[in-house]
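Just below sit the structures, each encoded as structure tokens.
What follows is subunit A paired twice: with subunit B in the first complex and subunit C in the second.
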Partner chain A sequence: MDYHWNWGVLLQPVATGEPHTYLGWLATGFMNTVALTLCAWLLALAVGSLAGIARTLPNRFARAAGTAYVSLFRNVPLIVQFFVWYFVVPELLPATAGDWIKGLPPYTQFFVVSVLALGVYTGSRVCEQLRAGIEALPKGQRNAGLALGLTLGQTYRHVLLPVAYRTIIPPLTSEFLIISKNSAVASTIGLLELSGQARQLVDYTAQPYESFICVTLGYVVLNFLIIRLMGFVRNRTHVPGLLGQ
Partner chain B sequence: MFEMDWHAIFQSRELLLTGMWVTLRITLVAIACGLALGTLLAVCATARSAALNAFARGYVSLFRSIPLIMLLLWFFLIVPQFLKALFDLPPTVDIRLVSAMVAFALLEAAFFSEIIRAGIQSLPKGQWQAAQALGMGSYQTLRYVVLPQALKAMLPVLLTQCIVIFQDTSLVYVIALGDFFRRATSIGERDGNLMQMLLFAGATYWLICSALTLLVDLMKRGRRSRVGA
Partner chain C sequence: MDHRLKAGSRTAAIRGGVALFALAAAMATAWAAETPLTGTLKKVKDDGVLVVGFRDASIPFSYYDVNQHPIGYSIDLANLVIDRIRQDTGRADLNVRWIPITSQNRISLLQNGTIDFECTTTTNNESRAKQVDFTNNFFEIGTRLMVKKGSPIRDFTDLKGQTVVVGAGTTSDKIIRSLNADKQMDMNIISAKDHSESFLTLSTGRAKAMMMDDALLAGERAKTKDPAEWVITGTPQSFEAYGCMVRKGDAQLKALMDETIAKLETSGKMSTIYHKWFMSPIPPKGLNLDFPMSDTMKKLFAHPNDKPAA
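Here is the complex of A and B:
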């Protein structure tokens, strides 16, 4: 193969005339990926927790709503969900809300839509993990809580959830890693996160290998950081006597 | 509110069906090649050889740490050059389709190998020992004793993974390959009814995937009751 390697291209100023280097573009992309991953992860934890709790409640309607949410978001490909959030949802909202979204600067709009799409999708996965965590607890825990006179809310708050969350930290770590990789789908609606910058770099420099290698390393670094962070969380929160280590 | 224009969708049926055929071909190739390579990898991962273990581990973590979109872009960069160097392909071969198939086959090999490895390791050690005691070699043990049981135990998880692959193929959008989703969006852009085509595409994926998920659930329940009986 007669590929002409040129790593120096990364330090050249960008061809658009802006005061950046191509490496600067990659750094911006990395920060965007990190910001998107973190925001979407927080949203996923919130939505997923609500839905996961709903799926274990005695109330039949709450359970059905949780099941419908999971069925809808797990059985439609992520890229389709991104496109629907971007092109369809603003049209279906009441005119004022839709116009507000469409009036945002394009970049903010990409980011907000990506956080929503990625967060709500991953929420359906978090929901299933939390439900499994709650269902894995012995039935006696819930019954004992209720028998002691705690309300259902107090039983969840003080008995079930503190253990359930801590037992599902390993699968949540996987979900965190998956959301960081799925954030790349945001490039399809125009967000210039790491993968988006990779394609822009190829267009401007015609040096695909250098930019793809940098971007791939960026994801590896992000994976590593997430594993360390979740390892720290796991060590700080592990249930004495219940889990290994 | 807006109404679906079913007539317009019906008129584009040929393009949509062609796209669905592309989607299905990628899915089927990914499942077939992924299962074959994944089984090999799983055997490597459970073999009594440090080098083979390390190879399988490295392969799996490499493929799992890269976003699928980057993987597709990587293979769309590499595969055409390899194909040109290795074979004298007729120009009619769709290079995008081949790149996507290779990317999915190699990626799914990593996912399938993890599933199959878990299946192999869930078998009691006695299965190995019994086969060895009967005088079977390693290959025979794997072929006749271990793999049939492991694959059977893992069937629901494997099928769920197949549904995931079917959904993930929609990401070939990034290399401009005309699968079902890509074609649905281009029809929408052509006719100025993108919104309707997106909802239609989403509904189609939802119908197919939830029907398949339901089947897998029924199968799981059927097995559990059989074991319980």
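Here is the complex of A and C:
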């Protein structure tokens, strides 16, 4: 193939006259990806935990609400959810609220919408994993907790959840890795995260291979860090004798 | 005896025929040897397949009609080029495959061989010319603004502190960012994925103005419910020429297309095609873009060239 390689382009100042190099663009994109991944992951853990617990409660309405949430958000394509949050939701709100949202600085809008879309979507998957973690416990544990005089909340807090969360650390690690890569969908609404910056780099320099190789390395580094982080969490929370370890 | 004689003369006749055929074949080979086909044209002759890129939402250059077939000003040109390729390679059975492309992937798809050429809305500029070859230019645009009727924004100086939407990776994107950095205009710039999304950003009120090639602005306006609601305004920030892209070094295809385009432009055929797409009602809604030919375009048609934009 007839391709003109030029790695030096990364160190050139950008063509727009702003005081950056193209490598600087990639660095900004990387930071945006990291920030988006972390914020969305925290939201996903919070929402997913609430819904996951709700789906295992004795209360029928709580279970139905959890099921409805999972069915809705796990079954609609992520990119559609981004567009709905970004384009449709502000139009459904009362005009004053919608206009206020649309008047915010664009980058605030992109970031907030991306965290919401990504967090709520991934939350539905975390929910199912936590439910599986809780349901994998022997039924006797819940009954024993209640028989000891603990309230339902205390049973969850001190008996069920500590073991359930430890059980699902491996699938949660996968989920964390997936959310870091799903964050690339945010570029479709305009957030210049890592893949968005790569696209921009291609547009400006016409050097697609250099750009995408850099971006690939960026995601590899991020994913390596996540694997190490989750490995650290697993070791810190390890309880000898539990889960056959 | 008689019988054998007859048989012998028949054999001779057959031999003669074969010899004639061989001679003809040799002549044909000799003629072909004079101009051995290379690049895309050779591939087309060997395989009978040509792959052409198109844009699915660049009214009126290249977009889908109601049956999801690509149509438009640039597509008319591409079809004339395809006719010429069919003639020159002698493949009347040429199988033409149309592949949708975007601003972001058009260069890569051309380089890796997914498409053989594209005539859409690609500005012929120097950074792209390092990766691909451009044919003779076939359109000239100016980059301008579109705003809602009654908006206080009349020109680029009014954009201070406003939110502006541009197509990601377009020349407007570069120009508006440079303008923002140079003049410290404190604009918020949104880079949208494609023209439709740019217009959606403008029409939902997220952006106060949209910057794009004037002909494309007229195209977006023609798609709306109420075209009179939108105004094209502002001094053009740049003039640019669209060219077709072919793979770098695909000299025979480029020569064929250069010649085809130059002939169309000087013969007045291209002006007829212009009239069809810019001055008459066009699909899907039968709207008239009403976009008269500029002087720069008349100049281009008088003197076809493949010069990149300044």
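What we mean here is this: the second predicted complex is superposed on the first by the 239 of 245 C-alpha atoms of A that agree within 3 Å, B and C clash if a C-alpha of one lies under 4 Å from a C-alpha of the other, contacts with A are read in each partner's own complex, and residues count from 1 in each chain.
Following the convention adopted for this analysis, contacts are C-beta pairs under 8 Å (C-beta built on N, C-alpha and C of every residue); 3 or more make two chains touch, one makes a residue touch a chain.
As the structure is a prediction and not an experimental result, all values here were calculated from the model.
K.L.:
Touching A:17 in the superposition: subunit B (first), subunit C (second), both, neither?
P.N.:
Only subunit C; A:17 stays clear of subunit B.
K.L.:
Look at A:102 in the shared chain and tell me whether it touches subunit B only, subunit C only, both, or neither; answer first, second, both or neither.
P.N.:
So A:102 only meets subunit C here.
K.L.:
Per the contact definition in the header, classify A:208: touching subunit B only (first), subunit C only (second), both, or neither.
P.N.:
Touch status of A:208: both partners.
K.L.:
Does subunit B (first) or subunit C (second) touch A:185, or do both, or does neither?
P.N.:
first
K.L.:
Mind working out whether A:84 is in touch with subunit B, subunit C, both or neither, as first, second, both or neither?
P.N.:
In the superposition, A:84 touches subunit B alone.
K.L.:
Considering only touches as defined above, state whether A:56 meets subunit B (first), subunit C (second), both or neither.
P.N.:
neither
K.L.:
Return first, second, both or neither, reflecting whether A:200 touches subunit B, subunit C, both chains, or no partner chain.
P.N.:
second
K.L.:
Once the shared chain is lined up, is A:124 touching subunit B (first), subunit C (second), both, or neither of them?
P.N.:
Neither partner.
K.L.:
Determine, under the contact definition given at the top, whether A:216 touches first (subunit B), second (subunit C), both, or neither.
P.N.:
Only subunit B; A:216 stays clear of subunit C.
K.L.:
Where on subunit A do subunit B and subunit C both make contact?
P.N.:
Subunit A residues touching both partners: 1, 87, 91, 188, 199, 208.
K.L.:
Considering only the defined contacts, which subunit A positions touch subunit B in the complex?
P.N.:
Those residues of subunit A that touch subunit B are 1, 71-72, 74-81, 83-84, 87-88, 91-92, 181-185, 187-188, 195, 198-199, 208-209, 212, 215-216, 219-220, 223.
K.L.:
In the complex formed with subunit A, which residues of subunit B make contact?
P.N.:
Going by the criterion above, the answer is residues 1-2, 65-70, 73-74, 77, 81, 85, 167-168, 170-171, 173-174, 181, 185, 194-195, 198-199, 201-202, 205-206, 209-210, 213.
K.L.:
Using the touch rule from the top, collect the residues of subunit C that touch subunit A in their complex.
P.N.:
Subunit C reaches subunit A through residues 103-104, 107-108, 111-113, 127-128, 130-131, 163, 168-170, 173-174, 177-178, 180-182, 188-193, 200, 204-206, 247-249.
K.L.:
Can you list the residues on subunit A that touch subunit C in the complex?
P.N.:
Touch list, subunit A to subunit C: 1-4, 15-18, 87, 90-91, 99, 102, 105-107, 109, 188, 190, 192, 199-200, 202-208.
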